[in-house]
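One chain, subunit A, links the two complexes that follow: it is found with subunit B in the first and with subunit C in the second.
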Partner chain A sequence: MNFFKWLTKIDRRWVYLLMAFVVAFPILTNIKGTIKKPSKSAVKLFKYIDKLEKDNTIMLTFDYSPDSLAELNPMSKAITYHALEKNLRIIGLAPLWPTGGGLGLDVIQSQVDRFNQEVVLKSYLDEIVDSPLIKKYRETNKISVENIKTNITTVVTAYYESDKKTIEVNKKLFDIMEKNNLFTKADKDKFKLNGRDWSYFGYKPGFSSIMLGMGKDIPKTIVNDYWGTPIIKHEMFNSKTKKVKSFEDISIVIDFAAGASVDYLLLYVNTKFGRPLGAGVTAVMAADYYPYIQSGQLVGMLNGMRGAADYETLIKQPGRGLNAMASQTYAHLLIILFIILGNIGYLVTKKGDEK
Partner chain B sequence: MKRTIPLVLVFTLGVIYFFAGFFSNSFSVNFLQQEIYANWLKIVGTFAIIMSVTSLWRRNYIKIKRKAPGYVYNYIELIGMVVMASFAVLLPKVNIGAGMVLGGIEKNSVFNWIFMNIQVPMQATMFSMLAFYIASAAYRAFRARNIEATLLLITAAIVMIGRVPLGENIYQAMSGVNSHFLPEFHWAGIFDFQGITQWILDIPNTASKRAIVFGVAMGGIATSLKIVFGIEKSWLGGTE
Partner chain C sequence: MITIIGTWIAAFFTLAIFSFLYKDNPFYKFAEHLLVGISVGYGIGLIWHNAFIGYVWIPIINNHQYIYIIPTLIGLLYLGFLHKKTIWLIRIPISISLGIGTGFGVPLIFQTYIFTQLRETLTVFNHPGMGFWAIVSTALLVIGVFTAIIYFFFSWKHKGTVGVLAKIGIYFLMIGFGASFGLTVMGRISLLIGRFLFLFKDWLHLIG
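Up next is the complex of A and B:
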């Protein structure tokens, strides 16, 4: 077989091997990509969220399963963090995909924990981690500094949320902190607390009835949150001055989708109840939603991993999205290289055959 | 009777949904949408869950009983269903150490641990295989066989470069060269892969997609009307 013929028939295992290498190498060596000019649709969504005022409420819907997690988690985490930073209230649910129930919780909880630990508790944590009693507790139980910071954040949050189960699990640490008045040093208002600043419903079956119901009365429709607590007990839904009653009180709904859920939400959230809708979708389905951005039915959209990298750039919080940009660049280059090689081989052998 | 009752049901529900969906007066919103449609859906949905669990159980049980090829997977499916449902609903929420609780669906529950540490990696692994198949398929299928295929090939290459930071870097580098060489003519614009990609998505993609969506919607409305009015009956099964 001559060289050009070989170019058209490279063994697919070489393609696989090279692809594995170009994807893994940047991740393993921590090479990061940078975005200079974020996409137009990502900027639109960012600007919309950024201009919302304190205590406005956004609803995040998680309609994906673990197979799309790598693409959709970075963008959902970036938006959640942005909302927390802006002091917006967050409602999360998975209206269509049962698997989205667990994934959505992980996204919101991880960002709330991160916010409470990194932003609010930073000075407070450094002070109490070094206190003799905590130091002794950490050394006796062989807990690293990073882990004790996480545990303290969990305990302080549970204290303010009156979360008895979590307090029970961390009883020893809770007792030490209570005896030494360490809770009083933290500022409750700055914390992001479940029920006051965020609420998570999990997977709720019966999409159409749920959507129609939330257009009229959210507490009546949803009834209980993810943990089985009646949501009417949450400050977010029973506050006299700023309670959330229906879609009317939601500033924007953002759907993270790996399927056709955006189409359904367009029907209910946007068309029926007239609420703004944003989307974060996998790259493979993004092309389907550009008509809705142009028509204004979608406020903005994050398109695949690049969308996550765009949003992370806009909020100045580098994360997995930007991390993956280097891998994606090399992977795209490799595919283009193979396409070029295949075509050179094809065109040359075709000319030879014609002669 | 077997055909008349479903036809009457479809007609009645079709008309109710039509008024519930297309009109916004208080009768449509409060009665048809909330009281009738939303509540009925909940009831039907609940029975559907019972039916699906029963059907799943029966299908697997029959395969196991007959020792059909691969019946071991049917065991796995049933065990998975029972184990997950037990941890979520039946077992008590007691502390089992290492910050974990036995029952429930909380973040530190066994249910969530299984989901995050078994299902998530398995599904993510399956999907990540796509990168390899796409690379291999693109290499073998993207051939400049005719004008249409060549256009597709060029468009794909532009979008692939325009969607990654490399596209921005090439344009920036070329703009730098442009400023030194023939600055009066902005030839570096042809290297603006990000801009060209955005144009492809905003204009030709949007136009063609809108045409498809419009066609599908019209077709959907026509088919729905035919079903509601009993003109189209193939969904009943059998032949007329």
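Up next is the complex of A and C:
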């Protein structure tokens, strides 16, 4: 009885502190979370993208702002990387949220850079380590051959962001090779190039007119890409055999949303133009969109950080989503404990007061 | 160097916002006001560059597409609100956008949110090879939709059979709200984890 009365009077800041500890502990002690069975909605989206053929085009729309970056960046990076691995072409834009313009570019650019570095480093592992340039680099930075090889291998198999030092080593190697023209044409063909394999439009105001326009003619509607280059100059939009003209040529549109943008895209992309739509949403919104998966209006959906962890598990590329799962689990257990204690305390003190 | 400075600024403001959990203080207020100011400034800059320069300046001045002057002038009528005598002018652009928006929107909204949803609910059992749990889950879906609608049906008193069905509907709604609450908790914790990962990994480099 006294314990529960004491609980009702406890300063809420102790609760915050306890929550901070529970979240921080798995991160600091490197406890990793696992996903044994990814959610059905994530598997549906994964399978759809996985079945697409080389040079199919997917459109990623970034409708969020930095406050929901923690939930939506890991999933958007995982899907972008999956698309690059599958040799799909990517179009990115922010049709509704001005803040999504910069965030979307960061997602695509980071994954393209990662992919390009991995391609080269995979094919040139031995040559890179023994080349005079790298020898000099190794000596200057006092890095052993084995260390470099291990780092390179790690970056291929492990998550890109999980090891900052590895990224720095690889980025420097890549830059050295690029500056010294060591890449062959065959190498460059494997790279993902802006304009050929991906194109980014940034934020485009006027949602309805942009959507209706893209249903008929994307280059005419969008005109310039993020950097002001006319997109009709891009190989993706002017190729004779496989150019992207309108929504008809887009295999799936995937919206990463922190607001109602999925509702709008359902109207235009799915209902109006009959194109498949997928979504990656913040957990707060997820419950609203399950009916659209059941009805087939959404191909699949990723639900918050758990959705990102699901997708990272499916593509076997652990990232921030999976990194966060242990903290998420412990925090949920603590909240469940609070709810149980709170309810027992309420009932006990209420009974005591009645007496 | 820029990245390092950016990371330190972001870390300072993260901690400034977190400091509110202890109590309100000048650091929190500073961070809050700065966020509002930057958001507005960023928005104005972005709209100026993407909308005005992209859709007005370049087409009219650079490309000599003078047809764009008409929508620009209609858009400028929004500025009529600046004076009492001209405030009525804003009705023109509002009525145009409203008309176009409604014209495009209404059929699509009916199709997306009502017809398709209704069709899929009515034909939900029409999937050959459904397993036992799929049938149970589908039956729950149909019962949930039906009873929740009954709950919002106020033309009859919620007594007798209607009362029982409405009560079942409430339970379904409560489960729905519970699921939404659970997801909201998950979302908020995710944001906290995101900030902690930033502080420990990107800022302090305490973990690999």
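Going forward, the second predicted complex is superposed on the first by the 293 of 355 C-alpha atoms of A that agree within 3 Å, B and C clash if a C-alpha of one lies under 4 Å from a C-alpha of the other, contacts with A are read in each partner's own complex, and residues count from 1 in each chain.
By definition in this document, a residue touches a chain if its C-beta (ideal position, glycine included) is under 8 Å from a C-beta of that chain, and two chains touch if they have at least 3 such contacts.
Being a predicted model, the structure only gives us computed values, none of them experimental.
Contacts of A:33 after superposition on the shared chain: subunit B is touched, whereas subunit C is not.
When the two complexes are overlaid on their common chain A, residue A:104 makes contact with neither subunit B nor subunit C. Touch criterion not met for A:95: it reaches neither subunit B nor subunit C.
By the document's definition of touching, both partners, subunit B and subunit C, reach A:67.
Applying the stated contact rule after C-alpha superposition, one finds that A:202 touches each of subunit B and subunit C.
In the superposed pair of complexes, A:268 makes contact with subunit C only, with no contact to subunit B.
In the superposed model, A:300 makes contact with neither subunit B nor subunit C. Once chain A of one complex is fitted onto chain A of the other, the partner contacts of A:320 are limited to subunit C, with no touch recorded for subunit B.
Look at A:276: by the touch rule set out above, it reaches neither subunit B nor subunit C. Once both structures are placed on chain A, subunit A residues 16, 19-20, 23, 67-70, 99, 165, 202, 205-206, 208, 212, 283, 286-287, 291, 294, 303-304, 306, 328, 331-332, 335 are touched by subunit B and, in the other complex, by subunit C. Contact residues on subunit A toward subunit C in their complex (touch as defined above): 13, 16, 19-20, 23-24, 27-28, 30, 67-71, 98-99, 101, 162-165, 202-206, 208, 212, 223-224, 266-268, 270-272, 282-284, 286-287, 291, 294-297, 303-306, 320, 323-324, 327-328, 331-332, 335. Residues of subunit B that touch subunit A in their complex: 29-30, 33-34, 37-39, 41-42, 45, 49, 93, 95, 99, 101, 104-108, 112, 115-116, 119-124, 126-128, 131-132, 134-136, 138-140, 142-144, 153, 156-157, 160-161, 163-166, 168, 172, 194, 198, 201-202, 205-206, 209-210, 213.
The part of subunit A that touches subunit B in the complex is made up of residues 10, 12, 15-16, 19-20, 23, 33-37, 39-40, 65-70, 99, 102-103, 105-106, 109, 165, 168-170, 202, 205-206, 208-209, 212-213, 216, 221, 226-227, 283, 286-288, 290-291, 294, 303-304, 306, 325, 328-329, 331-336, 338-339, 341-343, 346-347. Within the complex formed with subunit A, the subunit C residues making contact are 21-22, 42-43, 46-47, 50-51, 54-55, 100-101, 104-105, 108-109, 111-112, 116-117, 119-120, 124, 141, 176, 179-180, 183-187, 189-197, 200-201, 205-208.
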